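Next, two complexes with chain A in common: one pairs it with chain B, the other with chain C.
So, the complex of A and B:
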C-alpha cells in the first residue's frame, strides 16, 4: 500500500499540478489580461483556461497511451529514437530556461519586497538547494508536501480575496463585451501560456497509481487554477479599474496591499502574502527541477533516480544570473513563451498523438 | 612499542583466561547441556554456574518418611513469593507426604509423576530438561525442583518480588479518566491491558531480548485488527536485535525505529493503560518491556503525539479547541523565536507601528543583536529546565523562582535582554509543554534552533526555508510504512475518516471507523449509537 515505488494518488498529482500551475504568473495576470481587453480582461483569462483544457486533453491523451513510459520513452517509440531524444532534450532545455528565469524573477521580487540588502545570489542558490533536498527524497515526498503546502498557500489567499471584495467596485468592469473577438482570442492564446506547467503531465502521468485518471486530474487542476486566475483578475480590475491595472507591474500585489484587515493587527499584509508566495514558488521550482533531473536520468537510463539533481543546481544558478535585470528577465520569459511556449502544449502532443494513432501504438490497440 | 605489546599480551592473557563457567556457556552466553539423571551431578553444575551468587537459596532434602529419594530446591532470595514455596511445595513434600502410606504401589513405580501431579499444590508448574531453562527460571524468580534419578526439572512459578505497585501516572496526568499507570512489572502491565479488553483475540506474545539481561518483552495486539504486514515487520526487527541488555523500552524504540537520524519519535511511549488499550483497539501494537513503566506503541504518526487520553473522555467542543491549541503550541515551540527574529531584524514594517515602537524602545539599551539575545535566553532556559529535572522537588521550585523570576528580572533590569525576549522565550517554553508527548516536544526543541539560524540569515524568507526543511523532513518519515504526516497527507486513504480525529476531534458518535492502522476489513468501530442508526 505504501511501498516506495514512486507512485502517487490522483488526488496528490492534482494538488501537485495545482501548485505548479498557480504561481508567479498570477502576480502579473490582471495587467497582461487588461493589456489585451481592458474591461473584458476576465474573458481573456477564461479563454486562456479553455485553451489550457484543450492542451491538457491532448497531453494526457498521448501520455495515457503509454501508462508505463514517460515522454522520453514514448516519444522515442512514436517518432524513432533520435527524434525522440531531440524532443526530450528540447523539453529539458525549455524546462531549464523556465526554472532559471522563474527563480530569477522570484529572487528579484523577494529582494524588492523583503530582503533589500541580501545579494540575489544567496536567495537563488538557497531556493535551488532546498528544492534539491526535497527532490532527493523522491516523488512521493513531493506529493505529500504538496498536500500540506496547498493548505498553507491557498487558505490565506482565499481569506485575502474575500476581504478584498470589500474594496472592489464592480462597476469598474463595465462596459462589458466591448472588445472584438480576435483581440480576445489573441489574448487568450498568450495567457494560455500561464498554463505552460501542463507540459510536466507528459512526464508525470506514469507516476499516477492509475495512469488512466490523468485526463481527470489535469482537468480538475486546470479548472481550480482557472477559477483562481479569473477571481484574481476580476477582483483586481474591480479594485483599480483597467487603466490603473495596466500601469502596475504587479497589480495583484497592489490589490492585496489595498486590503484592510479588520482590526488591523498586521500592517503591510502584502509582505505576509509574499511569504506564502515563497511556498508557491518553491512548489513550481521544485516541479521544474524534478522533471529536469528526471528527463536526464531517463535519457541516461540511470537506475538510481535523483542522483542527477545536484549537478543541475549550479547550472540553473548560472543561467538564472545571465539576464542583466528584471526587465530583461521578463523580456526573455516573454520571448520564450511567444516562440517556444506552444511547442509542447499543442503541436508536439498533437503530432505524437496522430502518429501514434496511425501506427496503432500504445494501449489503444488491445 | 615492544613494551606496550608485551603489556597487552600480559593483560590479554589475564583477561581471556578461561573461566570455569565458560565451559558451560556457548558463544551467545547461553547455558549449554542437558540435565543428568544424577542429582549430585546436576547440583555440581548448578554450583559452578552460581558460584559466588550469594543471593541463591538452595536446599537438598530427602523426601517423605523413608527418605530414600533426595530432592533439591533452588531460588533467588526475595525474588520469589516465599509463602507459595513454603506452603504449597515444601510443606507438601516434606510433611504432607508422610501421610501417604509408603507402600502405596504408585509411589514406588512412578515416584516422579505422583510427586508432580499430587505433591505440588500450585497450578503454574512447568517441566524442562535443559540447564539453560533451569538457570533462566531461577534468575527470573521461579523455583526449580530437582529429583534424584530423573533428568527433568519442575519449575514452579513463584515470581513475587517487591515492587511499587500500581500508582498514578506522573507524565500523563488527566482530570477525568483512570488514574492508574503502568509499573515496572511486565505481568502487571499486561494485566492492566487485559482488564480493559476481555477478548481472546487480544494476544500477548512474549519473547526475550538481551543475551545477558534476558529481558521479557510482550507484544500485545488484537489478532484480527492488526495489520499482518506491520506485525511481521515489527517481529522481524525485534528478532534481529542482538544486544547484551535491554534496560528500558527506549533501547527498543531507538533500535527498531524507521529513521534513527530524525529528532522526531516514530514510536509512541505511554504509561497509561487506557491509552494503550485504545491504541491496541485501533490495530496498533503495544510493546511492553519488563522493568519499565513505559510501553511502546507502534506504528505512530505525527498526529498521534498530539492526542491525549482525555481527548476522548471530555466533550468534543472543548477537546477540539484544545487540539487546535496544541498544534498552535507545536508551531510556536518550533517557530516563534525564529519568527520574532525575522520580523524584528528584517521586516519591522510588518509589525503594527505602536507595537514596533514599544519593542524598539525596550530593545534600546540592549547591546546584542536580536539573534544573540534570543539564543542566550533560549539556552538559559534549557539550562534551567535541565537543572530543574534532576533536583528533588522542594529545591526544584527554588530553582524555578531564582532562575526564572529573579535572574530574568535582573537580566532585563541590567539591560542584557529586552523584556519582549523574556516573553517570547517563556511563551515558547510554555507552548512546548502544551504538547502531550515529551518526545515530540524534544523534536521541536531541536528544530527551533535550526529555524532561528535560518531566520537570522534570511529573515522571513529564511524562516520559511527553515519551516520547509522541517516539513520536508517530516513528510519523508515513515513509521512501519505508514506516512508520518498521515492523515494530513494521503487523507483520502481511509475515505477521509481519519481527519475526524486530527486537528479537531469530532463528536464521539461520528468517530465510527478505525484509523488506517487497522486491517482494511476491520475498520468499523461503532455499528450504531442513539445518535446515528
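So, the complex of A and C:
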C-alpha cells in the first residue's frame, strides 16, 4: 500500500528535519543565549548553528556509508554487535527522555497560557496518542503530513516576525562585540544542543530515496532552522533588551504577545501563535516516538513496526510526569543536554566514521 | 475487506463502541467559559491597604478580624455588557468593585466569590497604582511581579500612578466616555500625540526600565469631578517613588529623549507671549569622562511653527531676522527648562530616571565600564550642558 512505501524524497526529509529541529527550544533560545552573552546573544546562536553544521556533516558521513542500514545495523557492523546494541539502547533511552521532557514542557506551557483548568495528564496523553496514531502509518506518511504542517507553522511565524519588527528597538543590540570569546564559545557549545534532533539522521538516512543526498538535506535543514533561530533571538533581544530577555522563561512567547496588530482588533495574539506552535511540537514528538519504536523494531528484527508504537506511549507518559514542576523539568533537560547531549552528535559519529574508514566498511569507495 | 466481511457484525459492534468511547472525552472541555460568565476587567487600581486607617474610617464595620493582615486593596472596573449592547435600560454603564486581601493575586479570587462571573484580565486597558503603594517598595514589587507572571495580563497595558488613591480614579465616571479604562487609555494616547506632557509607559516597558536599579518614570493621573487628567510623572528609584515631576519637566524629559510628536511651548517675547508649536525633535547625548567626573552634552534640535502673534505688530513675523531673533529666545528658554529638570533629577531626586545609564552603556561602553559601580553618585555629580536649536519653519498663512 501507499503508506507502506517508506521512502521519502529529499525535500520531504528536509521538511521533516526542519520541523524536528525547530520546536520548544525556540521559545527559550533567546533567554539561554542572553544568559551567556547578553547583547551578543545572537553571536552565540550563530556559533551554535556552525557547530550543528559540523555535527550534521559527521552524522551524515557515517550514515551514507551504509545506505541500506539504520544506526542499529551499521553500528553493529562497525564496532561489533554487543557494543552496537548498547549504543542503540542508549540512543533509544536518550530519545525517550528527550521526548518525555519535551512533551512535559509542552503541557506546562499549554496549561499556563491556554488551558489552565485542563489536567496536564490529559494534555500529555492526548498528544502522545495522536502522534502514535500517525506513526503507525510509517515514515512516508509522516513526511506527507510534514509537508502540510510546515506551511501552517512557518507562514504565520514569518508574519508575526514582520509585525514584531515594527515594535523592535534595534539599539537594544548595542553595545556589540563586548562579550569575551570564550564565553561565546561556551554558549555556542551548549546552544548547539538545540540541534540535538540531528541524531535522527543516524536512523533516517535510509528512508531517503537517494541516501547520498543526506548531507545536503541536513545542511539545508540546519541553515533554515538556524536562520529562524537567529531571527527569533535578534527580534526578541531588540524588543526587550538583554536584561528583560533574561528574566522571562519563554521570551519568544512574550515577544509575540507584545506585537501590536495594526488596527488593534486582535489582542492576545500569543494564544493564536500557540496553536501554530502546538503543530510544531506535534512534529517533534512524532519524530521522537517514531524513531524510538523504529529502533525497537530493528533491534528485535521485526518486519513491521506499528505494533511496537503503542507500548511506548505509557512509558513516555510516566517519564514525562516524573519531574515535580516546571523548574525541575528544565533542570533535567539542562542536565541531559550538558552530559549526554554531545554523545550522538559528535563522539559517536566521529569514532564510528574513523573505525569504518579504517576497516574499509560500507560504501567507502566511490 | 474480505477478512472483515466474515465477522462483519463484530466489526460493526467494535466500531460502534469506538465511536461512543470517543465522544466521551471529546465533548468535555475543562476550560470553556461562556462570554456571559466572564467579567472583563477594563481598569484595575491597586492601593495599599492599612488596617488601622480602615478601622478609623469605618468604625461601625463588623467582621474586621478577617481583614487584619490584608495589604492590597484592588479596585476593578468592568463594563456592563448588557448596557453596551443596548439591551438593558437605565443601568450603570460600568461596575466598580473593590476587594482587599493579603496578596494581589488572591483578591481576584475573592471577586469571583462576589460576582456571578469569573474575572478575566485579557482585555485590561489600564492599571493604576495608588500613591501609598508605590511608596512601599515591597508591595510595589510584589504587585509588579504578579502582573508580569500572569499570562492573562498583556505586557502592553499602560501603567499610571494616581495622586492619592487609585480607587478614586476608577470610581470617577467621566462624562465624555463612561468606561473609565478605555477613557484613560484614549486620554493617554491623545496627550502623547499633541501635548507631550505625559510619558506613556506600558507594563513591559516599565519592567525593562526597572531592571536597572529599580529606576524609572510612570505617568501621573489626577481626578477631577467628571474627568481625569494625565500629566507629570512619578520618579522611581529602588522600586520606590521618590517624588513627582511636573508637566513641564516631563516635557523636558521628552525633549532629552527626542520623543516628542507635537507640543506647545509658550515663551515670553518682549511684552507678550508667543506659542511655539514643536513638530519634530531630535536629540543626541554625548558623554565624556576625565577620570573623576562625567560630563554629558545634550544636543536637542527641534522644528516648529509659530501660530500666534499680535495684529499689526512691528517688526512683522514674515521676516527672517524676526524669526532668527525669536528662535534664539526660544532656544535659550528651552535650554533653561531642560537644565532645570536635569538639576532636579540630579540634586533633588538623585535618580537617573530617564535611562541615561542605558544610553551610556549602549553608545559609550568603555566609559560605562569605568563608572557603572557607582552610577548614582556619578550621575549626581555629572556635569550637564544643554544645547538647544529651535528652528522656526512656518508662521501660518498671514504675514
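By our rule, the second predicted complex is superposed on the first by the 360 of 366 C-alpha atoms of A that agree within 3 Å, B and C clash if a C-alpha of one lies under 4 Å from a C-alpha of the other, contacts with A are read in each partner's own complex, and residues count from 1 in each chain.
The definition used in the following text is that a contact is a pair of C-beta atoms (placed from the backbone, for glycine too) under 8 Å apart; a residue touches a chain by one contact, two chains touch by 3 or more.
These numbers were taken from a predicted model, which means no experiment stands behind them.
**Q** What is the contact status of A:175 with respect to chain B (first) and chain C (second): first, second, both, or neither?
**A** Only chain C; A:175 stays clear of chain B.
**Q** So, does A:67 touch the first partner chain B, the second partner chain C, both, or neither?
**A** Neither partner.
**Q** Which holds for A:112: it touches chain B only (first), chain C only (second), both, or neither?
**A** Only chain C is touched by A:112; chain B is not.
**Q** Quick one: is A:215 in contact with chain B, with chain C, with both, or with neither? Answer first, second, both or neither.
**A** Neither: A:215 stays clear of chain B and chain C.
**Q** When the two structures are overlaid on chain A, which partner does A:279 contact: first (chain B), second (chain C), both, or neither?
**A** Only chain B is touched by A:279; chain C is not.
**Q** Would you sort A:243 into first (chain B), second (chain C), both or neither based on which partner it touches?
**A** Second partner only.
**Q** Return first, second, both or neither, reflecting whether A:258 touches chain B, chain C, both chains, or no partner chain.
**A** Once the two structures are laid over each other on A, A:258 reaches chain C alone.
**Q** Check the contacts made with chain A and report whether chain B or chain C touches more of its residues.
**A** Chain A has more residues touched by B than by the other partner.
**Q** What part of chain A is shared between its chain B contacts and its chain C contacts?
**A** Looking at chain A, the two contact sets intersect at 114-115, 118, 122, 126, 267-268.
**Q** Which residues of chain A touch chain C in their complex?
**A** Touching chain C: residues 112-119, 122, 126, 171-172, 174-175, 178, 240-241, 243-244, 247, 254, 257-258, 260, 267-268, 270 of chain A.
**Q** Quick one: which bits of chain C touch chain A in the complex? Just the residue numbers, please.
**A** Listed in rising order, the residues are 25, 29-31, 122-123, 151, 154-156, 204, 207-208, 211-212, 361-363, 365.
**Q** Using the touch rule from the top, collect the residues of chain A that touch chain B in their complex.
**A** 1-3, 9, 11-12, 110, 114-115, 118, 122-123, 126-127, 130, 133-134, 137-138, 141, 143-145, 147-149, 264-268, 271-272, 274-275, 278-279, 282
**Q** Under the touch definition given earlier, write down the residues of chain B that touch chain A in their complex.
**A** Residues in contact with chain A: 346-347, 349-353, 458-465, 468-469, 471-472, 475-476, 478, 481-483, 485, 488-493.
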